[in-house]
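Should a chain be cited, it is by its letter among A, B, C, D, E, F, G and H, assigned in written order, with residues numbered from 1 in that chain.
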Amino acid sequence: MDVRSVLQRYHDGGIDLDEAERLLRLDHLRRVGEHTVFDMARALRRGIPEVVYGRTKSPEMLREIVAALREDDNIVVVSRASEAQYQALCEMDGPMEHGSQSGTIIIGKPPEGRGSIGIITAGTSDIPVADEARMVARAMGCDALCRYDVGVAAIHRILGPIQDMIEAGVDAIVVVAGMEGALPTVVSSLSSVPVIGVPTSTGYGHGGGGEGALMSMLQTCSPGLVVVNIDNGIGAGTTAALISRRARR
Amino acid sequence: MDVRSVLQRYHDGGIDLDEAERLLRLDHLRRVGEHTVFDMARALRRGIPEVVYGRTKSPEMLREIVAALREDDNIVVVSRASEAQYQALCEMDGPMEHGSQSGTIIIGKPPEGRGSIGIITAGTSDIPVADEARMVARAMGCDALCRYDVGVAAIHRILGPIQDMIEAGVDAIVVVAGMEGALPTVVSSLSSVPVIGVPTSTGYGHGGGGEGALMSMLQTCSPGLVVVNIDNGIGAGTTAALISRRARR
Amino acid sequence: MDVRSVLQRYHDGGIDLDEAERLLRLDHLRRVGEHTVFDMARALRRGIPEVVYGRTKSPEMLREIVAALREDDNIVVVSRASEAQYQALCEMDGPMEHGSQSGTIIIGKPPEGRGSIGIITAGTSDIPVADEARMVARAMGCDALCRYDVGVAAIHRILGPIQDMIEAGVDAIVVVAGMEGALPTVVSSLSSVPVIGVPTSTGYGHGGGGEGALMSMLQTCSPGLVVVNIDNGIGAGTTAALISRRARR
Amino acid sequence: MDVRSVLQRYHDGGIDLDEAERLLRLDHLRRVGEHTVFDMARALRRGIPEVVYGRTKSPEMLREIVAALREDDNIVVVSRASEAQYQALCEMDGPMEHGSQSGTIIIGKPPEGRGSIGIITAGTSDIPVADEARMVARAMGCDALCRYDVGVAAIHRILGPIQDMIEAGVDAIVVVAGMEGALPTVVSSLSSVPVIGVPTSTGYGHGGGGEGALMSMLQTCSPGLVVVNIDNGIGAGTTAALISRRARR
Amino acid sequence: MDVRSVLQRYHDGGIDLDEAERLLRLDHLRRVGEHTVFDMARALRRGIPEVVYGRTKSPEMLREIVAALREDDNIVVVSRASEAQYQALCEMDGPMEHGSQSGTIIIGKPPEGRGSIGIITAGTSDIPVADEARMVARAMGCDALCRYDVGVAAIHRILGPIQDMIEAGVDAIVVVAGMEGALPTVVSSLSSVPVIGVPTSTGYGHGGGGEGALMSMLQTCSPGLVVVNIDNGIGAGTTAALISRRARR
Amino acid sequence: MDVRSVLQRYHDGGIDLDEAERLLRLDHLRRVGEHTVFDMARALRRGIPEVVYGRTKSPEMLREIVAALREDDNIVVVSRASEAQYQALCEMDGPMEHGSQSGTIIIGKPPEGRGSIGIITAGTSDIPVADEARMVARAMGCDALCRYDVGVAAIHRILGPIQDMIEAGVDAIVVVAGMEGALPTVVSSLSSVPVIGVPTSTGYGHGGGGEGALMSMLQTCSPGLVVVNIDNGIGAGTTAALISRRARR
Amino acid sequence: MDVRSVLQRYHDGGIDLDEAERLLRLDHLRRVGEHTVFDMARALRRGIPEVVYGRTKSPEMLREIVAALREDDNIVVVSRASEAQYQALCEMDGPMEHGSQSGTIIIGKPPEGRGSIGIITAGTSDIPVADEARMVARAMGCDALCRYDVGVAAIHRILGPIQDMIEAGVDAIVVVAGMEGALPTVVSSLSSVPVIGVPTSTGYGHGGGGEGALMSMLQTCSPGLVVVNIDNGIGAGTTAALISRRARR
Amino acid sequence: MDVRSVLQRYHDGGIDLDEAERLLRLDHLRRVGEHTVFDMARALRRGIPEVVYGRTKSPEMLREIVAALREDDNIVVVSRASEAQYQALCEMDGPMEHGSQSGTIIIGKPPEGRGSIGIITAGTSDIPVADEARMVARAMGCDALCRYDVGVAAIHRILGPIQDMIEAGVDAIVVVAGMEGALPTVVSSLSSVPVIGVPTSTGYGHGGGGEGALMSMLQTCSPGLVVVNIDNGIGAGTTAALISRRARR
């Protein structure tokens, strides 16, 4: 019922004031709803696979959720999955990849050739978060060149990995670092592609748990560095893959 | 002047081999006055113009610094310049653009056709930060499609601007928002290009000064959203331009 | 003994200075005490059932407390009860309802027809808190229309639940959300009834544990949104029920 | 002008069908100047007048914005207006009310009889925030019974105001308090209507600037108390008026 | 044994001059085991018994430490002792008292008649901290009048306990409260003796863990209220006893 | 005028029975101007003079308030008064004292012989806060022995002042310190009376503004030390005077 | 009077119990006092000149203080002095040096040849803090090799200054940096002498005001880096000079 | 390929624009790489042994890492090793030392005679952190004079240890303290060598976990005190050893 009809019925006494008011409020929402032309699944719309956070689910519940999401042959990513969850998913049919360093699982066959990114970690304890970024990019069809444990306290160790990445022609670099979080700034200052910093929850004391690394990256003096939240490998990998996919159209 | 421009001018005969080598040489460090060392190489290496923070400098000092940086015809960006600083720079020769909403000034003739980005603000008080992003992207040869005061409290107002950006084919969207900072998440959920959120220091009370908006963006449930620090329009515009330039090679 | 009597006894030497001072101080408190006309039980006065926080009590202790509170046939609500506590209470006589998603138990027969509220959650992990709100409202005789896992990253999913709530004529909407906490602002901007936001302690990194969601809700640009503390489903449900009861008198 | 008022004026013959439809139509977005987009629909949809934050605008700009918003005879509220801004608005025709304690101005003739709320402050320095709440409720047609400087350090002074409010039959109570912020909890524990706490930015030292009062209200042991951000009188007054309007339909 | 007791025992002939001098001598530092140095002089100098923090010690280590400290018949207090630690200490000779609600143990016979204090808690979960205060005051010869679970949400329940304390003539009141921490302010406003507020680490969400209660007490509008750190029953009890002992000389 | 003074004046024949009763009556609430309600009963009940915070009031408003409060010859304290405010008060009749280091003014003749306290500051910038404590204690009839700029970085300078205080027999010591706030702990460890620490808002960087000093005092390892909020000289002086008055009955 | 004498006089009735107790408490303090063998001025004891913080003092007061401190020909350092203060000090006789970049003044003739330190800044806005460090070291007889505006975003610019410092044989390096504060970690990783990091209050947004730089330095992965508070050039320069002086004995 | 060659090949058409740009960017990095003359292992360069953080590694993994690091007979330090890790390392050949209080292990034969430092703790719970500092200094050939449990609440106990350290001629003092963290300031004020404060994560409530101690040390009024992060014994011991080694050259 459109605005005019409501007004006329109200005028004719077909509906009372309260009912007219209620109908006009609803109409507003319907108009907004029809307005929304983006009415496809998010995965279709954005080209980002559905990511299921594993940690809070039982193996059975997880398998059920994944099965439902797989119905139209979508790629599904499970993050932070336990060994038990992985075993439960292994019983399903179809292709599957397991990033055991981060507990990330890709169910379905990812596309290929959608781009190339670089991933660097400052230390070894940053690798699980880096692996999460690698896996979600992989699920989006994007290859990752990885250089782990590059450090920041030894400048000369940083140059080699960056040269490798320039030579490989990556379109974005994810830099994962805890403690003082200085590495993303240094990498950004040496490269001409966007750098995505991921603080990790390593370190103790004041600024521990990743807060120091996050602050450091936000305070960077190098334009071209952007940041995701602490330990958010999924967010960093997704964005890097979006950048690279765009560059490879 | 970035590497590509040097190469093109050399190729076109605008400069000779010696001059090209000189421009590309790596020992570009040069002293301005007594203690300001500018890394000329950075502009060459990264294709990002030197950004001079205006606020702490006298008009004379600023003009001197800009003159030195301009020697090799580099593009220079001055951020947060006062009216007096702008007047002082106006006395210099050569092309100049003034983003009066943010006090950003481009000295030199920016390249063109290096890409296209979108910029959205939640409110009117976010416009100065958005304008800073627009100007630095402009200095890197990247056009910006701007939609300001889009709000978050009225969903249907968000859809139009996003449709415009999709139609225009932007490669990245900068979303500037203060207070609850929800707009970047909403935009990111509706688009297939990377979104860069910029919290602004609006709002008062708990979470005021941009802290609430920053937290909100870091806690986003939409992968594909990355963040820069509060009010950091330069960082957001630079990264968006890097993404778009990469996509337009 | 009134002020005059004290003065006279002091004057006559019946009491000394110290005693007179002590008596006059006591008198003051007694006057305030007599002044208090609200001397009924809180449940009677406010129409809010006694809520017993389960977590820190043994099953036996809990049963004993509930039995004492039930003496005048009051409605008692136990929050965050374990399975063992629930079993212990099951041994008691009389009506009982169990909200197993939140571990909330209503002992006694709640009133009916005291109003109607809406409850929306952003994700599935917000459901326990929403269920707590639903149960306490139920104990106050108020029905709840619940729509869970509505998301914020997909705008079009939000419109349906709000239309349902307008059609049902709810008097207040409780919106439960963690992470970036943007949903309550969006719901508030689309509805003409008060909205009560409940941040939840989901999310990790900067702003995790609910702090980001709380900030976001406090910084809302939508007037008409009020907030309770992180995970405080009891507070939100109680207030929503008070609002609805008032509207249904 | 809200939905109900449009309907009534249409019914009374004050406006015809076309005019009513126009007023209710959903494409109400309208540009004021170059970049301020006001959501006229919001006032219609939610029955909440547009609130213009005065502090950042010149008197001329403010008058222009208000004039544009007034075109369809809507109620407009200006918050935190200076004396100069007030003078500029006084030059406009039509009814206007000035809450000089808070610098809140209502332009247009507010509806009447839409409810009744109570407003209590702990101290005298909390009055400006309380006055802001009073004025926005007034603009929504809601009367406020105000009791200021009630204190918390003298319990017996609290009882009188609460009795007054119970006798007057208010549907919600706004309690404004800084420093330790204990008053809203005490009021909530003594009343059967929802209480909205507003922390104020008084106090110094640890927890100063309103953070202590906010924490205290969020940590309340009294269910039925909800909170808005520090100094947010607009938010509290709006919500209280929404509650009361609902109760008075 | 404090200075006064040594003097009295010397006066009464219980000890001779040499022994008295030895007890009073200032080089009382004495090693217990290998690395624990106890400042025996402190007990003498300040009249405060040595307090041994139980939590980090094995039952055997604890018994050894206590035995060493007991050599000159000093009063020793063990705080936060486990059941196992209590059993280990039970095997020692001599008088001992056990405050089982807080795990506080007094070894040795406390003096008597050194004063009287009041202790009030807001809730039942505050009792362990209150009990710790009661026990350390007891060890200093000071009686405590205790009123637990007085609440703040029900004003009339507060008056009775305060009247009792005035009648009993206590010299200081310790008020223990978590969550919004308003009770100490209310008690202080009603009494003419110093009030010591102890925030407790109850409550969750923003301001949980005692931070909200601490802020609230520091922001108090009632002069005459002082504060110790969260859960610091020892500090509150000691200070209250010092005040009362001074008043009873 | 406090309870004791009323009793004494009545006893001495200075006032008759009716007047004494009137002064002691409990309905002392009285309106000053339109919205300032002073709790006259508080002074009577607690023996603490009314403290008027000067900073936010005009000289005229302040004089009016003080005049009203002085009607029954009560002692009034004005804190943080400007020179202009002081001049305005000078025009009133009757005794007045001015603590120019803190801008504290006592209007009326304070009682005498109600006790003796010590006040120590770490540095010279802590003196205004100390002076505020001294003045409010003075208004309660309590003398203060002051030792300023004692430092903490030079241990031997601390011993002298403490000896002086022991010899003078003070009943409580107020220790005012900013920066690292260690002095109250050191003083407490050397004395047998309660110590009240007052952090001051000196210092810059991390922990500046008094937060570091506050934390340090709350974390003290010396039982017997209690704390008030940053810069709260009124609270510290009041409590110390309450302790001393109790000890001198 | 020693312990034994007090005991004997008490026993003989020469003094009563209270007096005996008081004397024994005093005696204890005296014993500690005699114990203190460090009874010289701090400047003599530690070889650190007295530093007078200029900002809060009038020019006259400052000159008076300096004159008093100069009596024995001590070196005095005034920090953060204004131009007016400098002029006032210029009227005094004797040698004086002025570090105009930081407003630091040395009065008296500093010793020479007491060592050599390095000072590095990340940017130009860090120079005032570096200059403060340089001046206080100078006052202790220690030379400083300064390299300002070295950056962190351009690694190759860092190597030169460090080589210079190694060649010059400095014994400690002070590194002053704001924003992300990464430079001290990088310098520390490249040098074999202790590095003292000084965060500066540059930068805005999250982690601004020096908090990000401080966190970054505390979280350093390079052992050998220690930190002073934000902007504390005096502390860094003093410690570096102490280290160098020790190395040059 | 140098800049000139790239330019010529580009000019001659041997490479295209993209390739030329890529080669010139790489060249830049190579030039920086050759520039780095510090191309030795960090241990060699800085004289600091490699420190392996034990906590996150399995005993086998740890033994493998240590074996690899030991190949050139380097000294290796393992921090926070468990008993199981220690047993695994015991199976290796060669000299080894075990600091059982901190779980620090030195593998290899440390040098000798490289200096002497002092280590002081405030309490017994600070000893593990102190032991970590002692062990890493030991691994660098530096002896430590240790005085544990010195306290701050009893000033006279502090003097002895400092006298011992002065007599022993230590070149730096590490002071480890939790809770209020005042001891480093006191020690620094009494000594003429640099003092390194280490806050420890003891204490509870506001400022617990070491934050209060850290703030206190950063806010110190004693120049000459520098700080490392909470519990960072490795950092403090390394720096103290660097200082002493420098002094003993």
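Everything that follows uses one rule, which is that contacts are C-beta pairs under 8 Å (C-beta built on N, C-alpha and C of every residue); 3 or more make two chains touch, one makes a residue touch a chain.
Because the structure is a prediction, the values reported are computed rather than measured.
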item: Pair sharing more residue contacts (C-beta pairs) when F-G is set against F-H; value: F-H
item: Chain A and chain F, separation of their C-alpha mean positions in angstrom; value: 58
item: For chain G paired with chain H, centre-to-centre distance based on mean C-alpha positions, whole Å; value: 23
item: Interchain centroid distance [CA atoms averaged], chain A/chain C, Å; value: 36
item: Chain B and chain C, separation of their C-alpha mean positions in angstrom; value: 48
item: Residues within chain G bordering two or more other chains; value: 25, 31-32, 36, 38, 42, 151, 153-156, 159, 189-190, 205-208, 211, 214, 218-220, 229
item: Chains that touch, pairwise; value: A-B, A-C, A-D, A-G, A-H, B-C, B-D, B-G, B-H, C-D, C-E, C-F, D-E, D-F, E-F, E-G, E-H, F-G, F-H, G-H
item: Residues on chain C engaged by chain E in the complex (per definition of touch); value: 22, 25-26, 29-30, 32-33, 36, 38-39, 42, 56, 199, 201, 210-211, 214, 229-232
item: Chain G-facing residues of chain F, complex; value: 125, 153-156, 159-160, 162-163, 166-167, 169, 190, 192, 204-208
item: Interfacial residue positions of chain H with respect to chain G in the complex; value: 31-32, 35-38, 42, 45-48, 51, 136, 155-156, 159, 163, 171-172, 189-194, 196, 214, 218-220, 223-229, 234-236, 238-239, 242-243, 246-247, 249
item: Chain E-touching residues of chain G, taken from the complex the two chains share; value: 3-4, 7-8, 10-11, 17-18, 20-21, 24-25, 27-28, 31-32
item: Residue ranges of chain G touching chain B (in the complex, touch as defined); value: 124-125, 127, 148-151, 153-154, 156-157, 204-208
